[in-house]
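Please find one structure pasted underneath; my questions will follow.
Think of it as A, B, C and D in the order they're written, each chain with its own count starting at 1.
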Amino acid sequence: MLEVDNLSCRRGDRTLFTALSFMLPASTLLHVRGRNGSGKTTLLRALCGLLRPDAGAIRWRGEPISELADDYNREILYFGHLNGIKADLTGQENLRVAATLDQDPLTDGAITDALAQIGLAGFEDLPTRMLSQGQKKRVALARLILSKAPLWILDEPFTALDTDAVALLERLIAGHVADGGAAVLTTHQEVSLTRGEIRRLELGAIGC
Amino acid sequence: MQGLIDFLSQGGYAFYVWSAFGMTFALLIAEALVLRRSRRTILQRVGRLARLRMQNVPPGEHR
Amino acid sequence: MKINWFKYAAPTAFYPLAGRLVPVLAVAAAALVLFALYWGFFETPERLGGTNPQKEYYRIIFIHVPAAWMSMWLYLVLAAWSAVGLVFNTRLSFMMTNAVAPTGAIFTFLALWTGAFWGRPSWGTYWDWDPRLTSELILFFLYIGFMALHSAIDDSRRADRAAALLAIVGLVMLPIIYWSINCPDPNNCAALHQRSSLTDIESNILTAMLVMTLGFWLYSFAAAFARLRNIILLREQDSAWVRTMVDAAGAGGPANAGGGDALDANRRGVSA
Amino acid sequence: MLSVFLCVLNRDLTLALRRRTDVLTTLLFFVIVVSLFPLGVGSERELLRLLGPGVVWVAALLASMLALERLFAADYDDGTLEQLLLAGQPLSLLVLAKIVAHWLLTGLPLVIIAPLMAMQYALEATAIWVMMAALALGTPVLSLLGAIGAALTLGLRGGGILLSLLILPLYIPVLVYGAGAVSVSVIEIADTQPYFALLGAFLLGGLVLAPPAAAAALRISME
């Protein structure tokens, strides 16, 4: 589904990676690894279209993402270092906004269910500023449950999560991949899937 | 001599005329000099970085 | 002209070309400016105008008008390269905008400064909220804003693109700003004052003014290209061609006497 | 389309209502700046009547600019701006929604409180009406133009001061005709219609051009 061809990115005056190529078919998880500063986040932001690469092409179902623009954005779900959660809104409201932006007519019940599933039953009406760091992260992760995007791009999703949440997230990713979705993931820990294929990509292996 | 004084006095408007012309050429010449000096500084710095690299010191540590 | 630029759109190719052009342009600019100065001071009458003539101080026109023209022309150049950079994503265009901006700001400042020293003897005040002077002041702010925004952003690509966008917004707003200053009362806009056109000016005065403009224009090219070379060097200092070039220059180019010291030291360091 | 627009608008208004102090600070700043002038220049009625329109407009400019810094900054800090960029909706539309919310929270209160300020400057009833109308047409333009600057200076050190340097010169036309309309209505019975036509034209032009420009600036700043 996703095809990366000869990609190069620089940050400031430093070249992070050059001539990076890979394919990401459906039902596949791409695990991107590398030292800090090897360009993992940059790669993921480039895959989202947030960042224009210096050279090379990224194609989604055969078409360059720069031409698809908003159409491509509707196909992806990006989960960055920042949660993307408004502290003054409740979990319910946060997810409602996210769903409306996806033009996804969700019922309140679906949102409550998602929050319950991620272990936040009873917290849905509280402003997220009153939640702990891990709980805020869970609110953000609830988007994964609700999302119908075929491509997930997850930047260090496991940090600040307790073991229960890690297990849940792994289940979610596995389910997404098993359903024919694709995912790109950066994390320092090992990931395993029950079904589907895992590919690994090591960044910064060649000295810069 | 008188001609020079006449020229410099600009019919009594020396202050205005020379302030304007003086600032103009002072700035233009200053710009040229600054450009020349910054070129030298840059070349020196690039040269120093190149030398450090040849001594196999990781360049990042000297930025 | 355009075709030539295209060939030299890569900094690598443009660097040596600019290097050859800078001395030529600088010498030509100096010659033209000196000629214009001579003509302006010795071949022109001591009075400008008929019934109520301006005295010797009118000679400020020889730098004031060319500086004002250059300030506006360079902003157009700046905005044009910004647009080219944003559309075609060429790095050299952005470098060009940065090379032009300080020179443009200097000419804008000079137009203001010389305007003040012309205004004092002719209008009796250093500063008047005259539409043209005020617009020139706004133009100065736009230049300063461009440079301030560029230097406030660490990431060079974001800096280039953000400043370029600002330059274009400024270009769109400039006519509106000029118009609003020129005509603050829309009920009464017919009262727009007309200045004398170029053809009314005595031919010797016109000659000096136009030659000076040409001199300033060539000077702007020289300064912009010199600055462009610095910018290219700074931005590409990690690339192979800059390193080879620095090494080659260290082998004894008299043009790089200043850089030579460090480069000699460089070679000694290697042999030691 | 409309639902997305309303969603972002609603979100920003809800957020602001949960942090009412931010809105009040802007308003208070406006009131204080306007009230300080008579203390500085003296309280002679004729002088105040002359200065009033300009002072109120300059204060409105500064107040609207002060609030601009926060237009995108909060969303930038918590990552929701990223999500807006990736929402798969036209970014100009989302930006417009944020600008409209910003104006409702900072511009509209200025319009409403303007009569009080005008009374401090001994302006007459007609002038007060003209001032309210001019502010109602002009302050949205300030928000629109300012959004471009706010997007360009997103996340920069000293962004607020830089923002004023970039944006204040662009506010001049609005200032000239906004204050001009009020001045004219003070001095004599003159036709204020051309002023409103011009301010209206600025508003229309701004509505068309500013959101795409601010969206482009956001994309540049988010790289």
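The definition used in the following text is that a contact is a pair of C-beta atoms (placed from the backbone, for glycine too) under 8 Å apart; a residue touches a chain by one contact, two chains touch by 3 or more.
It should be emphasised that the depicted structure is a prediction, and the values quoted were computed from it without experimental measurement.
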Where centres are the averaged C-alpha coordinates, which chain has the largest centre distance to chain C? A
Between B-C and A-D, which chain pair is linked by the larger number of C-beta contacts? B-C
Compute the distance, rounded to whole Å, between the mean C-alpha positions of chain B and chain C. 15
Centre distance in Å when chain A and chain D are each reduced to the mean of their C-alpha atoms: 37
Suppose each chain is reduced to the average of its Cα coordinates; what separation in Å results between chain A and chain B? 52
CA centre of chain A versus CA centre of chain C: separation in Å? 47
Would you give the residues of chain C that are in contact with at least 2 other chains, written as numbers and ranges? 155, 157, 237-238
Chain A: positions in contact with at least two other chains: 52
Return the residues of chain D touching two or more other chains; collapse runs of consecutive numbers into ranges. 223
Listed in rising order, the residues of chain D that touch chain C in the complex are 148, 152-153, 156-159, 162, 165-166, 168-170, 172-173, 176-177, 180, 184, 190-191, 194-195, 197-198, 202, 209, 213, 216-217, 220-221, 223
Listed in rising order, the residues of chain C that touch chain B in the complex are 26, 41, 46, 55-57, 59-60, 63-64, 67, 102-103, 106, 109-110, 113-114, 117-118, 120-121, 219, 223, 226-227, 229-230, 233-234, 237-238, 242-243, 246-247, 249-250, 256, 258-259, 261-263, 265-266, 269-270
Contact footprint of chain C on chain B as seen in their complex: 7, 10-13, 16-17, 19-21, 23-24, 27-28, 31-32, 35-40, 42-51, 54-55, 59
Would you tell me which residues of chain C are touching chain D in their complex? 138, 141-142, 144-145, 148-149, 152-153, 155, 157-158, 161-162, 165-166, 169-170, 172-173, 176-177, 179-181, 184-187
Flag every residue of chain D that touches chain A in the complex, lowest number first. 3-4, 7-8, 11, 14-15, 18-19, 77-80, 82-90, 222-223
